[in-house]
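For reference, the structures are reproduced in the following blocks.
Shared chain: subunit A. Partners: subunit B in the first complex, subunit C in the second.
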Partner chain A sequence: MSLLRLAWRSVLRQRRRTALLSLVVVYVTVATLFLLGFLDGYGESLVEAYAEYVEAPVAVAQEAWWADPDPEHGLKSLPTLAHPLVQAVSPRLSVYALLRSPYRLEGGLVLGVDPEGEKGLSRVPAKVAEGRWLRARGEVVLGQRLAERLDVRVGERLVVETGKAALGLEVVGLVRAGVSNVDFFGVYLHLEDAQALTGALATHLAVKVPRGREGAVAQALSRTLPPGLQAKGVWDLMGPIRADYEGSRLLYIPLLGLFMLLAAIAVVSTTYVSVRERLREFAVAESLGLTPWRLAGQVALEAALASGVGLVLGLLLGYALLWYTSTHDVFGPLMRMSVELLPESGLSEHLYTALRPAYALYAAGVVGLSALLALLFPGRLVLALEVPRYLKEG
Partner chain B sequence: MLRLAWRNLLRTPGRNLATGGVVALVVFLSLVFLSVYAGAFDAFFRLLLERTGHLVVRVESYREKEDLEALTFAPPALPLPPGTQVEGVLEGQALVIAGERSRAAVLTGLEAGGLERQRKLLKAGRLPQASGEALLGEALARALKVGLGDEVVAYAPGGMGLGIFPFRVVGLLDLPETHLEARTLVVGLGDAQALLFPGRVTRLEIRLSGIGLYDQEPLEALKARLKPHLEGLTVETWLEANPLYAALLPLYDTVMALYVGIFFLLGGLILLNALYLSLVERVREFGLLSALGLTGRRVMALVFWESLLLVGVSALVGAGLGLLLHLELLDGFRLPLPQWILEQYREFGLPEVLYGRLGVKEVLLTLGYAVGVALLAALWPGYLASRLEPVEAMRYVP
Partner chain C sequence: MRKVFPVLLILLAPVLAQTPLEKLRTALDRLRGPAHQAVYALWVERPGQSKLYRLKVYTDGERVHLRVLEPKAEAGQAYLSLGQDLYLYDPRLGRTLRLPPTGRSERFLGSDLTYQDLMGRDLEELFQVAEERGVLVLSPKPGAATPYGRVEVHLKEGLVERVLYFDQRGQAVRELRLGAYQRLDGAYLPREMELKDLLRPGYRTRLEVSEVQVGGVPERCFHPLYLERGC
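Let's look at the complex of A and B:
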């Protein structure tokens, strides 16, 4: 009989014990899958918000502009970007300005964009909830919440002042993107209007690249760009909210490791009792020619199989949970509250968990850990077995 | 029964030490977690209170009003108890211009007391002492390329004031949140009124001494006393003035109970395993006890006592260690995260140094979970033990 079949038979001999043990592993597996899915989903929602709405997948600007984002450090000419992964490029001009409606004043960052170019790069034009996207000069599109604060509606006029120049613009659209920075602070006007306000050509180039390649493309572009220009990927364009994501990973992943260790201890504890009950059985097996190390290996295999049963059930449950939370907006209320509390954060109103096969591999760590601990503790009982003593006891 | 339970626990010291260790770890982690979380929560709310004042007086229905004229009022005399500070504040949007550069900012006009409170945020220079002097957020000064002694012009059209006013920068403020720092211009109340609206304020901030952070009762009492003197005005506690933050408070207990519950569920499952193993190891012994006349209920009680003793001792050890660490946290701590992350957390109003807080409620919640887990985990093994047939049990072979 192979070692595996022998170990499997031993595990099945104590069904109730195995079932109880599996509960611990199921719980830890579900917790592992859910937490990893949540953290990755959070990261993905941030990347999507910043790449598709707030900033761009990659942005190219003068090094001086990155340090001091004022139009005076804007681009003197638009560089050509030679990289096979660049899908679209559009110039932008960001300007600090005062917005005046008939009733209210609000300060903000105004983004001058090429209306057509922006459509191929950002999802903001597609998120106009009322009115339409920019078509020509003299128009402005506002985030819906900003429009509420300014008390302006589509068709009304808004004055944009920079201290050096002012423009009277017609509000043609209100954006409802579900991303805090856009809805609370978004002001989009025609690039030529922004140029008229500042005298600058553009402050930066927004570049669309495939998801997941932002950092690599930014690095590659930085190497080929003319001196004084630098490209940044979406993770470097994020505000302080990135720290929240990174901090959460640093706090919760060690906690998951601890959960796995505790589950493995529970598995080993059960295996220990099981081995002690069967010392005579092991003595007989050894007397029939099985080496102590082979028997210790069987003990480790039993621990791995026992935790493996829990792992399989946990994976089924965990992936079912992740599938549900990745297709249903379960965290919507929590995210909407966060958006209201931290409007500058760039948080999205929706968060869907990620669902990746690799999580199963991480969760399987509990099986490996159980086998290792079983080899170290109950396995030692078998290695130190006094065969004649146990045979005589029978 | 208690002695028997205790003796049984000591018979398998290895396994019970491991299980007890898990329970102690869970209790320890729960207390530390609660202390850290409450500390962070307090820091967040303390900053909010500091900025808002205990009570705020504004014009009635101010959330629906739009223009500065409708939002401002001449401050009335208020019957306030001794030791209470009241400060008028006038706030409005302005474009701050320095040479070729300009940035939109929130212009805040403060009385002497309010200006004095900015001292701890002062990074360079001094507080305004005369008309025409201003404090700038450090990030705003950087964006405008101005420093101490330089002149900036505040442009704020639409009010009943001058609409434009020159200021000399006499101090730079270091605020926790860079996005606020980049929009902060603080001046004397008189100057703000000259610029925006003579003789008026947008709010009165009332600060009381000796009030606990979440102590709302004295605030409600003073609010009731002030109401008859506030014609056309409304008074709110700092939490009412920040309704979104106020909505967080009731969620706090639920979130905490949920977090701690996640730890304890794992601890409970491990305990259940340990109790069950202890039962299967002693089936024959339980059979013998039953044969000697121990009733099913008493056998069940024995399992419950074993569980309660194991969890009780472990919880005490975990709670002792947790409280010891909490005493350290009371003196201030930094989250175990890289410095760059802590600096970024400041942007959300979370200071780098936090102070742990652990109330009776938090300790009781943890110990309540421990007792609950001890009872629940013992339920099934206890039931099985109580149903054992003496003869069958004594013949039991694993």
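Let's look at the complex of A and C:
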């Protein structure tokens, strides 16, 4: 306890130096919290976009279909899924088709769905901004931006052509989901119409499971499914955007580590200078009975205290920032611009940062690192102290 | 007898008169022309520029084999339409590809024409036909795979003279004009064709038929193998 008091008194004695050190740690702590919250928030927004809008939490299909998503490799019959975490199941039939309006011809992926089943599985039916969701055959619901490109309106007919057949479908609704793939490319039609266009039963089963359990349920289902069928969780259903997310983590997490190391080095170098200036004081303390290891401990404690003050302030500031960005659509303009630039990415127009207590632990690493480095470098000065020399000099 | 014949004609007139659908069918049949080979000149006009294609065409009225002669960069490309099957030979790839049926509604050689315009029966298959003041008015059958809301077919002496396509908001979007019909071997062949995109000024495609040789076309011309070898 007395060691702590001694260390604390040394820290307070050099207030300007301590304040500067704390500022460095505050900066690094805020950066750590924000970056971790941003990366996790980005990941969560991708999971939400793909699980709730673009794909499904889990999808079950033939292995051949996963390798080559052609309706010919679709399901021959609908398997029964027995797993306690399965909340809803609905068949889907996806096929590439040509969409023809009087003004434009465009290719795209068309999704045949069971209108009622889809309501229990996806948020798309609830995001119809104009018109209504599918009810019967002969109808189609489009992403709003796709409808603008094709120049079709609710109540008009759109021709959907595959290599096997063509249908004239009435546009009954336009979706505005705020998820790029849905708004820019979404084409939803009745499962039976998709069957008429392809001759296939369904390409895959979309499965709803609790958030965070997608991978585990997919693995468990794959073990119990009939041979030739495979279940995939939402992370495996994402397109190239998953690589972007993982790449960001790979880039930013080592960068954060480097930030923390530099902050710890700044703390330790200042402590080193401080220790050099106070070598006589340490010699006196040692002559009064304090062991060199206790003195080295005091040096480490000083570094930890100086960075600890910064950590506490940084945590307060960082969590306040995270709270704000997790409840306010601060990144909306940036995300909307990204959606315009990368409409096929499946990005959401909104991104809220994540807020987790564990970030404080990661940020506290700078305190631990400072103390450890202080023990290694300025601490060694104290351990190698020639007490008589400094006492004589006095 | 002389008195009876006009009366009989008047009585039978409703029976003998063609329905609008029959008129359309007859006009489309005549549009196909006789079996012949010819050179088609195709001008694809865009605002401020025009591109000319010269095509050698072989047809028996149902099937069509078409080879690009000019421009040099695209010479050797060949197309074969066999009912619903459409084949393309691309000399740069050195391969013959079978195009999906959707290819029939795609634009031909970057022009405003589609294969449907050239050889399709969509007007007959997808629309209900009525007649208003001498014009055949076609409205889509329920669920028909057409993006158009209405099509007007103007006939002159039983031959298609003008086809006007309307969108579903009542606006005319495409206009196809056919003219200079030549009677050949008991059939008719339009020697001039013009297609205008009414929504985009300056977008026009013209077709002129010349060097027509009426008569049987060798059967090999309608085999995909001969797309590469030449007919």
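Quick note on the criterion: the second predicted complex is superposed on the first by the 393 of 394 C-alpha atoms of A that agree within 3 Å, B and C clash if a C-alpha of one lies under 4 Å from a C-alpha of the other, contacts with A are read in each partner's own complex, and residues count from 1 in each chain.
By definition in this document, a contact is a pair of C-beta atoms (placed from the backbone, for glycine too) under 8 Å apart; a residue touches a chain by one contact, two chains touch by 3 or more.
On a predicted model such as this, the values are computed, not experimentally measured, just so you know.
Visitor: Is the arrangement of subunit B and subunit C around the shared subunit A a clash or a fit after superposition?
Guide: With subunit A as the common anchor, subunit B and subunit C collide in the superposed model.
Visitor: For A:210, is the partner it touches subunit B (first), subunit C (second), both, or none of the two (neither)?
Guide: A:210: touches no partner chain.
Visitor: With both complexes superposed on chain A, which partner does A:156 reach: first (subunit B), second (subunit C), both or neither?
Guide: second
Visitor: Have a look at where A:244 lands relative to subunit B and subunit C in the superposition and call it first, second, both or neither.
Guide: Once the two structures are laid over each other on A, A:244 reaches subunit B alone.
Visitor: Touch test for A:273: subunit B only (first), subunit C only (second), both, or neither?
Guide: In the superposition, A:273 contacts subunit B only.
Visitor: Is A:138 touching the first partner subunit B, the second partner subunit C, both, or neither of them?
Guide: second
Visitor: Pick one for A:167: touches subunit B only (first), subunit C only (second), both, or neither.
Guide: A:167 sits against subunit C, while subunit B stays out of touch.
Visitor: Which chain, subunit B or subunit C, ends up touching more residues of subunit A in the combined arrangement?
Guide: B
Visitor: Report for A:21: first if it touches subunit B alone, second if subunit C alone, otherwise both or neither.
Guide: A:21 contacts subunit B only, not subunit C.
Visitor: For A:103, select first, second, both or neither according to whether it touches subunit B, subunit C, the two together, or no partner.
Guide: both
Visitor: Quick check for you: in the superposed arrangement, does A:120 touch first (subunit B), second (subunit C), both or neither?
Guide: After superposing on A, A:120 lies clear of both subunit B and subunit C.
Visitor: Flag for me the stretch of subunit B that overlaps subunit C after superposition; candidates: 3-11, 147-155 or 255-263.
Guide: The overlap with subunit C comes from subunit B residues 147-155.
Visitor: Which subunit A residues are contacted by subunit C in one complex and by subunit B in the other?
Guide: Touching subunit B in the first complex and subunit C in the second, residues 97-98, 100, 103, 105, 161-164 of subunit A appear in both lists.
Visitor: Inside the complex, what are the residues of subunit A that reach subunit C?
Guide: Going through subunit A, the ones touching subunit C are 97-98, 100-103, 105, 138, 156-164, 166-169.
Visitor: Hey, which residues of subunit B end up touching subunit A in the complex?
Guide: Touch residues, subunit B against subunit A: 14-15, 18-19, 22, 25, 66-67, 92-95, 97, 100-106, 142-143, 155-158, 178-179, 183, 244-245, 247-248, 262, 265-266, 269-270, 272-274, 276-277, 280-281, 335, 337-338, 340-341, 343-345, 347-348, 398.
Visitor: Note which residues of subunit A are touching subunit B in the complex, please.
Guide: 16-17, 20-21, 23-24, 27-28, 31, 68, 70, 72, 96-100, 103-108, 151, 161-164, 239-240, 242-244, 246-247, 250-251, 259, 262-263, 265-266, 269-270, 272-273, 277-278, 337, 340-342, 344-345
Visitor: Using the touch definition up top, name the residues of subunit C that touch subunit A in the complex.
Guide: For subunit C paired with subunit A, touching residues are 100-102, 105-106, 126, 140, 143-149, 165, 167-169, 173, 199.
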